[in-house]
Amino acid sequence: MSFIVDHYNYWIVVLLMMMGFYVVIAANNLVKKIVGLNIFQTSVFMMYISIGKVNGGSAPIAAEGITTYSNPLPHVLILTAIVVGVATTAVGLALVVRIKRAYGTVEENEFEDKEDLI
Amino acid sequence: MAEIIDLVLLGMLAITAFNIIFIKDLFTVVMLFGIYSFLSALIFVNLDAVDVAFTEAAVGAGISTVLMLGTLALTGRKEKASSHKTILPLLVVCVTGAALIYGTLDMPLFGDPDNPAHQHVAPRYIEDSPQEIGIPNMVTSVLASYRAFDTLGETAVVFAAAIGVLSLLGLPKRDRATIQSGLKSHLVLRVVAKMIIPLIVLFALYVQFHGDYGPGGGFQAGVIAAAALILYALVFGLPMATHVVPPRVLKALAALGVLIYAGTGVVSLFLSANFLDYSVLAEDPVAGQHIGIIAIELGVGITVFAAMLCIFYAFAGQTERKNIQ
Amino acid sequence: MIEIISSVFLIVGAFFSLTGAVGIFKFPDFFTRVHAASVTDSISTILIIFGLILRTDFDLVAVKLLFILIFMLLTSPTASHALAKSARHGGLLTLAETRSDKKVGDD
Amino acid sequence: MNIWSTLDPAQLINLTIVVPLIGAAFIALFSQQPNLREGVSIITAVVLFTLVLAVTDNTFSKLSMETTWVALFPGLEIAYSVEPLGVLFALVASFLWIITTIYSIGYMRGHNEENQTRFFFCFALSISTVMAICFSANLLTLFIFYELLTLSTYPLVTHAGTKEAKHGGRVYLGVLLSTSIVLFLLAILGTWVSAGTLNFTPGGVFTQAHSDSLVALLLVLFCYGIGKAALMPFHRWLPAAMVAPTPASSLLHAVAVVKAGVFSILKVVIYIFGIDNLSDIATTDVMLYIGTATVLLSSCVAMTKDSLKARLAYSTVSQLSYIVVGALLASSVAAAGASLHIATHAVGKITLFFCAGAIMVAAHKKNISEMVGLGRKMPITMIAFAIAALSIIGLPPMAGTWSKWYLMVGAVEADKMIIVVVLTISSLLNVAYLLPIPIKAFFNTPSGDQPAWSWSETKEAPLPSLIAIVVTTTACLWLFFYPQPLIDLINLIPDVSTELKGRP
Amino acid sequence: MFAQHLPVLPIILPLMAAPLCILLGRSHLAWLLATLVSALSFVISVDVLLTTLEQGVLSYAIGGWQPPWGIEIRIDTASAMILSAVTGISTLVLVYAKESIAKEVDPSQHTLFYTAHLLCLTGLSGILSTGDAFNLFVFLEISSLATYTLVSLGSDKRCLTAAFRYLVMGTIGATFILIGVGMLYMKTGTLNMIDLADRIAEFNGNRTLKTGLAFILVGVSIKLALFPLHMWLPPAYTHAPSAVSAFLASTATKVAVYVMVRFIFTIYGAEFVFHTMSMDILLLALAIVAIFKCSFMATVQSNVKTVLAYSSVAQIGYMILGISLVSSVGLMAGLLHIFNHALMKGALFMAVGAVLLRTGSVDIKAFQGLGKQMPLTMAAFTIAGLSIIGVPLTAGFVSKWYLVTAALEQQQWVIAMLVLLGSLLAIIYIGRILEAAYFKEPSELTAGKDIKEAPMLMLVPMWVLVIANIYFGIDTSLTLSAADTAAQLLTQSMTEIEAAQ
């Protein structure tokens, strides 16, 4: 039982990650792929933040009378990672827009038909 | 109590993600994604990561969703049913998931203060940073000083994204105001927008400069300020927005922000300290740190603001272009 | 004492919020749903924020909460209004109109 | 004799390699003036020969000559060191280069070939690499120039530019590069990793400490990896390369390239494995019998070929295997015979090729069946052909006699009577496929009545070609009567001797 | 005065030059700035390389914060060696790019091109220099984002789908790395590589660390296009502008190989990766399959850029093979090949770019008859091609020599043989192109066109690389000593363990 209590958080996060990952690799629509990518990454962020949690701790902003803080380092890392994520999303979506213009579709199997695959 | 909230939120996340897999209406998918981001922001708050929650809400639920919607306007909101193979992806996902679950078996207990992660590097940040850096928000201290190089990289990533989107979509021309756009008929919206946009900008400035003491900082501030202008562009039309903040200026600002950040580091080089060592920026090392952090946060804020708005302009320009056609 | 009052505020606020959610599911068409959501949203925001203010020491935090309240009261109805208006603008008909046109609207 | 005696002996090696390169540069420079260009070619060839003579002189006076160019890997340099076997090969190659150059002038002009500058240029390049192979001090150097030789001769093979030539070139390059990269390089690296050195060492580099199976494997890899030795089944490139212009075929594919192959095998056997250790290696006999099989099979194939050059090509394959067999017999006399065969076969085979080229230029005939009665038109060429053929067969008084003799003696010494038998049968096969050609040319007549023969009837090849043919034919005879200098040279090779062991 | 700051300069110089390019606005000024900065970085990298050869590892604490609290720049010989190659190639590609992109990229995007190039360079230098696992991820993403942009600048619309595929795969890879790094952090509490290495040693056989390693390796394998995760690479390199292909093919995947080396040897230690997890067998098998499958794919393509792209995947197989041999010589061979392959692939892609400029096509048919029309370009192509094959006296021979030596040292005769057999396939795919160039008459694609030799600005960088190929094939002292020192340093822990046993 305690094993489950200690790990349930990670397991659900893994489940979320895999749902996002599935959307990335299985989706045919490029926009949906990008959505999947975002879900995947956001779930990974949750894993990091879970690492940083300290039971009974509070947000890592120094204040009078608080002695236990959660670990600030994962927070910093994830701040950076979120930015990286949105940057990738922006470029990916821009590519989708261009693909739509060039091929007239954003369904992967449709434009694959239109180009001879290498 | 926190565990129960955590569990409920996680459950809701799972439901959201599950729906995203199966729903074919992309508009719904994107809205669900926005919800997903908000929910994860809530989890972040619950796990004491307020800065992260702030950012996730602004970025995931804000900018990302707006960009996705912008894309949908151009590409259509229906996902076509396809005979795409699902077995192989499912297999890959199962294997990956199984590997991850295997990995969790030896993971340290969730929330245990004795975890190695809380024992090694982090204690120094928690115990010494208020004295060494002189600001209470440890996340800002680590972000802007101890791991300032990461943040410099992050700024460069945002800049790179702006460059990428610009090269793909291009910026809208400034004087195309002949096209009627924006929500002209929404009088209520226009009035309210006029009222709150200055407030949002003000709030952005608050977040920018209050980041040392509370959650926030250059990144969040930049996003919020960009959101203000995005709202402006949505309500009053892109041409008006480009009139207020011309795209060329944005491009220059995005570049300038990176330069401010890196320049701060170079100043320390000239003061014969290591790159990004702010201690030498003032007589007192702690004051120096403070100056340095303000400077680089400003750089981050400017770049993020300009880059995000640039990206939005590029997408909005495409939509306008489509409307003309 | 304040604790109890605050709790009452919070619980009632949460209740309104919940009714709004139920409304979204139960009401028959778009406009009624928007209505349900926006009305309950405003009242529950007011109640919850007041409940929270009661739990503060009436310092800076309370002021911040007030700001949030003002902001929410401004934006939330505006958003609902804009939504409804856009829908109308886009040609969506109310339930009554749909029936009178004898159109089959089954959502 | 030694006009270069003022030079530092070590510099001689550099010069032998660099002189043809300089020649090549001048050839390229004078591409518009054929006379000047060919003059340069001949002068370079002569200078090179005198250089090699000087090297020979030094070798006889036991002067050690070594030079190092650059350390490619730690402990492994591109280095040269003169030893008698290399000198022998260098002598043969440089001497025949002069002759071939003279011959080519006649042939190329007579044939009005295109791209003559490229031809002479590549010719000079390949001679330079052959010199480097001759004097290489370690396997790495040998390998590098072995590969360069393949690449620099490729344009010669495809010289004609026809589809056929390209196909031939592709086979040529394909077989030679594949065998050398996959097997030869592997063998070299295997030697390097296990023995720790690639230097040619008298007596070999392997000791008792090395596992038998490893050494056995390496031997097989070397024998097949050196594809230029044309051991079956990697002999296909040689007939394919016959699409080259005849002078190229004659020098490169009768002398330089193939001899570089068998030379490498001899060198590996003598200096890497050591003749005395050879009999202990499990696979020696296997390779030996593959060699003898190649001797017999290719002789048989040769008989079926109507095209003169193809027949000569298969004859070459067969003769090369003599050398391989000689090397693998693990007898010092057989090794001596093999070494000598490099020289004797070279002069014999080059004469045959020269003749084939002469026939092509003068009579435009490629196939043997068309050569009936040709002796009337080209008496000198056909006489030369007959003499060279006898030399290849190994009949006295031709040069080939000696090498075959030593090979046979070596086989007896090694107690391998079967080899003696095979060599004898092979000689008979040689008779069967070589002699009919001059016989038909002289004694068969296309039609019954013919007017009496007169000089006016002759239509020989251009004079330069004819001179070349005469010189090499003379050499065939000369080497029978005066083989001693070469034999002396061979006796200088460690572990190799024309004297039987155990007898005073 | 900057002597002690040299390690950080190759990162911040291009990082600051990138926004300056945008501020300058004019494309030729941007070109000049980018080229100068890149050249300066190159000079600094070489200086750093020489310093590491003399003094060993260089460590630089960013912000004055000592590791593990701050981020450390840590340059050992392996990093410095690849850094020199990357900055050097970048400089040459920039010189080359001016003429090349003038034809292939829309003029309005030239400034953006140079900016993206500089950002990519920043990212690559950062990856090579950093001593922090998470910082590595950040720089990886800078370079990746810039790369997606660069690829999408191609003139064919297929570059868009190629870039998108690259983006999705690349992001999955990066996220996998992120997961792996997270697991490392979870167990050790640190992100500094050296500190990580010290702490991982305590946890041999821990399941979380094992999973972390698996995720990192898969993530990096995507980035370095290890078979079967290479599917993004051929389209990306085919449709990207030639200058971009030349740059990426010779640097980006190589840097990813470096990341793999770093994680395997520095952070986890060979003991953990190869003994506890037996990764060597898996890597070896994948490398061999990559060499053969992709070399074979290269022989049947008609687009020359695709040929070279598949060849790149095959060549990456050689590098991974070197790593998977688990020996100092094997690693050295891998590192050498990273360096040498950069030289050859750069030259090859540049030559192809020149052909594209003059004939407007990169189909193998366009190459017909070019031996006469563009002799210098094709001569460069020939020599670089010989180097890929591994002909003696070229750089390619040196790396193959050590690769086979490493295999033979482990008594792996079959693998040695397979490596050499792989070269034969290279003969075929390079040979086909050479045959077309030298032995075939111009095809209908180019017939009647007046095809001139490539412009000077393209020929010079191309030939610099060609000469480098020959130079490093003959005078190997610098590359060998660098690769040897680097491999010794990286496998130090391994040899200590072996000595202990």
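All chains are identified by letter, namely A, B, C, D and E, in their written order; residue positions are counted from 1 within each chain.
As a working rule, a residue touches a chain if its C-beta (ideal position, glycine included) is under 8 Å from a C-beta of that chain, and two chains touch if they have at least 3 such contacts.
Quantities reported herein were computed from a predicted structural model and do not represent experimental measurements.
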{"item": "For subunit B and subunit E, chains touching each", "value": "A"}
{"item": "Target subunit D, source subunit A, minimum contact steps", "value": "2"}
{"item": "Subassemblies held together by touching, subunit D left out", "value": "one piece"}
{"item": "Most distant chain from subunit B, judged by the mean position of its C-alpha atoms", "value": "D"}
{"item": "Chain ID, smallest distance between chain and overall C-alpha centroids", "value": "E"}
{"item": "Most distant chain from subunit C by Cα centroid", "value": "D"}
{"item": "Averaged-CA centre spacing for the pair subunit E and subunit C, given as whole angstrom", "value": "56"}
{"item": "Computed distance of Cα centres, subunit C from subunit A, in Å", "value": "30"}
{"item": "Rounded Å distance, subunit B centre to subunit C centre (Cα mean)", "value": "27"}
{"item": "Centroid distance [mean C-alpha coordinates] between subunit D and subunit B, Å", "value": "75"}
{"item": "Touching two or more other chains - residues of subunit E", "value": "134, 138, 141, 145, 148-149, 152, 179, 185-186, 191"}
{"item": "Touching pairs among all chains present in the structure", "value": "A-B, A-E, B-C, B-E, D-E"}
{"item": "Footprint of subunit A on subunit B - complex, ascending", "value": "3, 6-7, 10-11, 13-14, 17-18, 20-21, 26, 29-30, 33, 36-37, 40, 43-44, 47-52, 55-56, 59-60, 63-64, 67-68, 70-72, 74-76, 79-80, 82, 84, 86, 89-90, 92-94, 96-97, 100-101, 104-105, 107, 109-113, 115, 117-118, 121-122, 125-126, 129-130, 136-139, 141-143, 147, 150-151, 153-154, 157-158, 160-161, 164-165, 168-169, 213-215, 219, 304, 311, 314-315, 318"}
{"item": "Interfacial residue positions of subunit D with respect to subunit E in the complex", "value": "70-74, 143-144, 147-148, 151, 158, 161, 166, 170, 173-174, 177-178, 181-182, 185-186, 189-190, 192-194, 217"}
{"item": "Residues on subunit E engaged by subunit D in the complex (per definition of touch)", "value": "386, 389-393, 398, 401, 404-405, 408-409, 413, 416-417, 420-421, 423-424, 427, 431, 435, 439, 474-477, 480"}
{"item": "Subunit E-touching residues of subunit B, taken from the complex the two chains share", "value": "99-100, 102-108, 115-122, 124-125, 145-150, 152-154, 156-157, 159-161, 163-164, 166-168, 170, 251-252, 254-259, 262-263, 265-266, 269, 272-279"}
{"item": "Interfacial residue positions of subunit B with respect to subunit C in the complex", "value": "183, 185-186, 188-189, 192, 195-196, 199"}
